[in-house]
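Shown next, in structure tokens, is the structure this report addresses.
Per-chain numbering from 1; labels A, B, C, D and E assigned in written order.
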């Protein structure tokens, strides 16, 4: 297994290089001179030159790319043009917020999605099946930014139940250790903070989790139905096993495999969807960071952030891949 | 019939599938009995309802769309159709066990053989895990799997087809069922492996004295292992008789057609006698005898009258108008 | 020819049996009849038709100008008989804007999916059919593209190309390529392995003929399903981009942009946000329903 | 000195007020386990830098106003000055030499004593590089002459500073009270170098604690403040870009005070018994600048006039929901020197068309309009306003393409003259017309890259008038000069002036003693909050 | 009789996905590993063996649908091993194939007419003649002309197999390789197709290579039979000879394993132990030794050669069969 992991990591290298080339090239896709585009039409030559110098745009591409890669490998993601801040440092601050949100959304999506999917499959054509699958279909068609706004309207404006933005109320004191607030509040046994953070997470989490939830529910259902048709389920039934054993052991374990792949892919959707969700809920995470950078034409930030997100996504996919292998004994890894 | 209390008695069984495209009468009026210790063969072409008959007995008809619309399945004197799913789960395994056609897909790929064996034993027998494991080893030995100690830890994909079928049989035997239903247990296997498995079946039957229902489309298999045979056509029995008798004195045109359309390894080659046409669509069976459109001896009455099954000889039943006059009709 | 025609099967009998089967003989005809029978995909089809009709007859359906306000004093009017869905932050009629917005949605769907489909099918087809190193190269490229969350990649592309509707469509189109390429590739791979392709080779058909006559037509079903579903996704993604101000620019009545502009008044005039969002939702739902239906209808496993 | 005296009475008075309220709160506090009083201030955009001398945006100033002190400060409700770091001051007869006597009990937040040398350090820092925009605006610095009118700043004693000006400067004292000229700790500036802007150290009533970009900035009470120590222990500036969301947070009680209220939410606020509307006195203007430096239609006076004629200002002002009055001059009417004689162009499409035709643009043209995405105090709905103008200009065949950017980018873009037309506004910093006219419309400030004059309007006649008004100490003469300049500017029409607003703030009822200052921001030491 | 097709020592090795990323040696699956035989014009050669032993692969190599890894293929005495492109296409006219799976071997998007006439189109046969031929072919395989505008999914398995046969006959080939043409069919239908194929052979003077795993079918239709095991030929000879008097222990076991439709006759069974080894990792020496009841030391180390074992051309590869020299 270890050998396999090492090999898989090894195989990631070309992908990561490709990813870095693509992000690197982004800046060169800008029609005309990127420095000019960042500074605007009337920038003085001196300003232009200094920015070009700063970005190293005068060197040959290969040299530029080499430097780009070298910097990244050393953990140097450059500095933001707008805020002059070190991007790596800023990301360190913002990533936990996004990851916390994403994981929360994912847990929500996985738990609800799988449970709904399994029940719907087991009771195919029942009212639960119909309702949950209609819901899932609605879910995959949902513009999450709209859903987010409508939730704010209902739960914050009308019912005044949930906070409309941010990660935590300003009145709450929380000693941050990991910057994952939920985790921190547990670590410091700060229940007020836990409750507050949780309520803040709820709406953005649901908004972000809706589409994956719907997709996972649909996938689980169809995968379950497929598996339930299989001969080995018939065998399990013919052996006289208890129904719950048949469903939750024999069927679910097999049905889970394709769902697992989907879960991995959904992480990408979440990381992307975070841009919209974080914008709507003023969530101080990476998504909003990229968004503001895009608006501010802060290309180094856009570049680095997207690269980091892509790397995270690649790693998540690797992880699901490994899990897949772990769950499926048919695949050998030596 | 010679014995008084049959182990299994299926009476006028009708299993239909209510699909969007129409009602599929997969099993449409079947009667048969299985006596303790006897092997009954069910043969017929693909789609004739063999598997559905077996599944009906075990109460495994997928519902919807399937439904047993009529009939009785008496097992040890009790009608299985009156049992709840929960009760049925107690019968499957210790009373009636089943071996399926395709050993490649019939074992759960994500569990070890050990788990799949043990869970059956533990589900029905009052045993400790250790005892169950001993029993599992015993069973694997019985079905002829070498080095069972180590093989238990393997996953199904690490076994060959023949080995898997042996494991399937071990699972089926694990709770000493009094009836074993084997649905084309050798069809997916190569001839040499098939021979191994058939040999195993014969041995099991001798050693354990259980009744077997052997479903197959291979008349060769039937002639080798079965005491009695039921030939099915389009969801209905066509002929039912003692095996040797059937091959010698088969009466139904379909049975005869089947026997004659199989090439035989005999020095003198003859042209095969094929049965014309194709099996009917079960959603819209012709009026009258469902075999009539393909029958060489078709008469006008065949197109309108659906014959009853009749006993034409001792313990020999035929469902054909040609034999309308022989002996008495079996009441249904 | 001296041989008597083989006596089997009796043509009349065969005829009788075949009349039981549905009359339409082509697969597409079959699929169509199956779709029409499915209630949900019919709903999807209706939504799509309504969308198309709305787009075509927008000037006739709309009650007001989609881009011009009559008077700024009409701002944020709640739905009434004059403005059936109310008015927005400039006093424009929301209904009319949504009606005209349907044109933009169709445009997005067609152009963006067109881009993904043409490039994706080409890449996937080539990779699948020729295999070997071509496949390797193309699939690694696709892998690299797939390493980026698609919306994020689209945002980045728009960021460098410049925020406007055209670029948003291009970006959404580009990020949709991998999906198509992968689907087409796997379809080609599985079709390539079938015996009828081998048969085509056995009768001496050349590459071009095999690819065009045998391989691609049999890959059409997944492509069409994917295209239908992609239109929904494309509309959703483009609306997202516009919502972020990276897509359609004012005064274009793009639904996502409308929604974004209405945010300020969420508390006082929720209809400005609610209706465009509903429009997006319904249209995407339509394509998803129809796509689902198509997939089921074209699923070879469901045949027979 | 008299000013200082009145200043202190003011102080006393407000001290009474605040002690009342703090009595109230101390009772409540007894039951609270944390005695900390925190004010959460919600706003639409984050600060750009916390080095006030480097920025021009109100969001940065809001925060630096808490951290820094200037030599003199404005009084609470108007732009008269009162002592701050300087206790006393006098000026030479010709107005070119100013001597300030400094307080001796002041400490920087980093613990260092505040002395005259520190003042010199700050002014020298500003005067030796082109990076300090406000310094340039206010003291007429240019690339050639980085120091501008300030010839020298000397420490003439441990606690005495003397400024020597190259020419008299009428608004000089007012100017020194502007937040950008907050005195920073030299030690901190040197220590942090490039990064100083995110580690600000001043002498003000609050100490900088933390900045989470795009989210929040926290400052805490300076216990050793030489002036009146703050009533609240902590102020958190939270960035909530969306006006609606921010308002919801206020309603939910998670923020106490907010700027950028959507005009349509004013009614809701008034109806809510937990909330109050606080109106900031008007000293601002919003305008649409036309980039006269760009070749093409905008360089033509006739075209600019036509645009002024083609926009129905009255209609446009409905977008201000009653908080705005139409503007016709570059300075607000509340300021002295306002020329009411100037007659606005009015709304006349036909005439506009005629002018366009005369300029050779009968068929119209395409043009860009840059707008910020976030609402500003002087412009509550920039994007909508832009669209309204877009439609109005369609009537004269002018096809407007709107480019919307966030605040920061918008500023950079307009400073860099990327736009044809652009929205912007100004809130007076010091109550002097010079602070509007010179900063916004003088050719000295039409430098690409750091322009305050984003119309890039260069009229030598206007320049001369403004320059003269700067050096003239007599207010009546200055009034005359400004009046004349307004006439000229009106004629040249580099702007389409839009409105002067009384920007509303919304606050929880618990917030007391909050007196918004006309300049747009104020220190929060007097303000209190009931728990 | 003349030799129509001859293969000499053909091998087909499929590269396997390397388990080890870094390893140099590429593992291969030896699907066919040195097979030589010839087919005489007008005869039917049956090719039997268990699943995976390389029957289909051998057939495809002969047709040059697969490139042999090694060995040579002669058609009418001409070495066609190196034929490519146009040359190969010309050859297709004379050699055709019928597939096992009647469902997968017809393009579901083409009507029967299109399927059957396509080969003729490719060889530029004029339209009228195509139509004429189509009618005749439909006739010959027992389909009616109204079937021609239908799609494959509207036919039963047996009918589809007829369509496949019609397609393969469209170019009037001399050799037809039948890859298990009846295995997927029901017994009753199977007989129909076998009869049809026999008739067609007479009618068109065809030569068949008939691949099957059903020994009785092969017995019925073939003149000679070849038995394969793990990619190698273990026995070949006249049908009557081989079935009556099998020489190779594998052939013997295979024949004894066939369940016979004759309940009276008790057979002496040879039950082979164990399973078929994987062709990716075949045993050393005689490939059959792992299952052979007579295996001895020599079998484990030395690979037996195919040798003549009876005077009328029967050949087998076993150390313990006596070679007959004539």
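Following the convention adopted for this analysis, a contact is a pair of C-beta atoms (placed from the backbone, for glycine too) under 8 Å apart; a residue touches a chain by one contact, two chains touch by 3 or more.
Keep in mind the model is a prediction, meaning the values are calculated, not measured.
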Chain centres computed over CA atoms; the one at greatest distance from subunit B is chain D
With centres defined as the mean of Cα atoms, the chain at greatest distance from subunit E is chain D
When I count C-beta pairs in contact, which pair ends up with more: C-D or A-B? A-B
Centroid distance [mean C-alpha coordinates] between subunit E and subunit A, Å: 54
Distance in whole angstrom between the CA centres of subunit B and subunit D is 92
Centre to centre, by mean C-alpha position, how many angstrom separate subunit A and subunit D? 40
Roughly how many whole angstrom separate the Cα centroids of subunit B and subunit C? 49
Would you give the residues of subunit A that are in contact with at least 2 other chains, written as numbers and ranges? 152, 157, 279, 295, 297
Going by the touch rule set out above, which residues of subunit D reach two or more other chains? 242, 248, 373
Touching two or more other chains in subunit B are residues 274, 276, 278
Residues of subunit A touching subunit C in the complex: 14-15, 18-19, 22-23, 26-27, 29-31, 137-138, 140-147, 149-150, 152-153, 157, 268-273, 275-276, 279, 290-291, 294-295, 297, 299, 302, 306, 309-310, 313-314, 317
In the complex, the residues of subunit C that touch subunit D are 67-69, 71-73, 75-76, 89-90, 245, 249-251, 261, 263-269
Could you pull out which subunit C residues touch subunit A in their complex? 140-141, 143-153, 155-162, 232, 236, 239-240, 243-246, 256, 259-260, 263, 266-267, 270, 273-274, 276-278, 280-281, 284-285, 288-289, 292
Within the complex, which stretch of subunit E touches subunit C? 60, 63, 65, 88-90, 92-93, 96-97, 99-101, 104-111, 118-119, 122-123, 136, 139-142, 144, 146-147, 149-151, 153-154, 159, 164, 167-168, 170-171, 192, 195-196, 199-200, 202-203
Could you pull out which subunit A residues touch subunit B in their complex? 125, 230-243, 245, 249-250, 253-254, 327-330
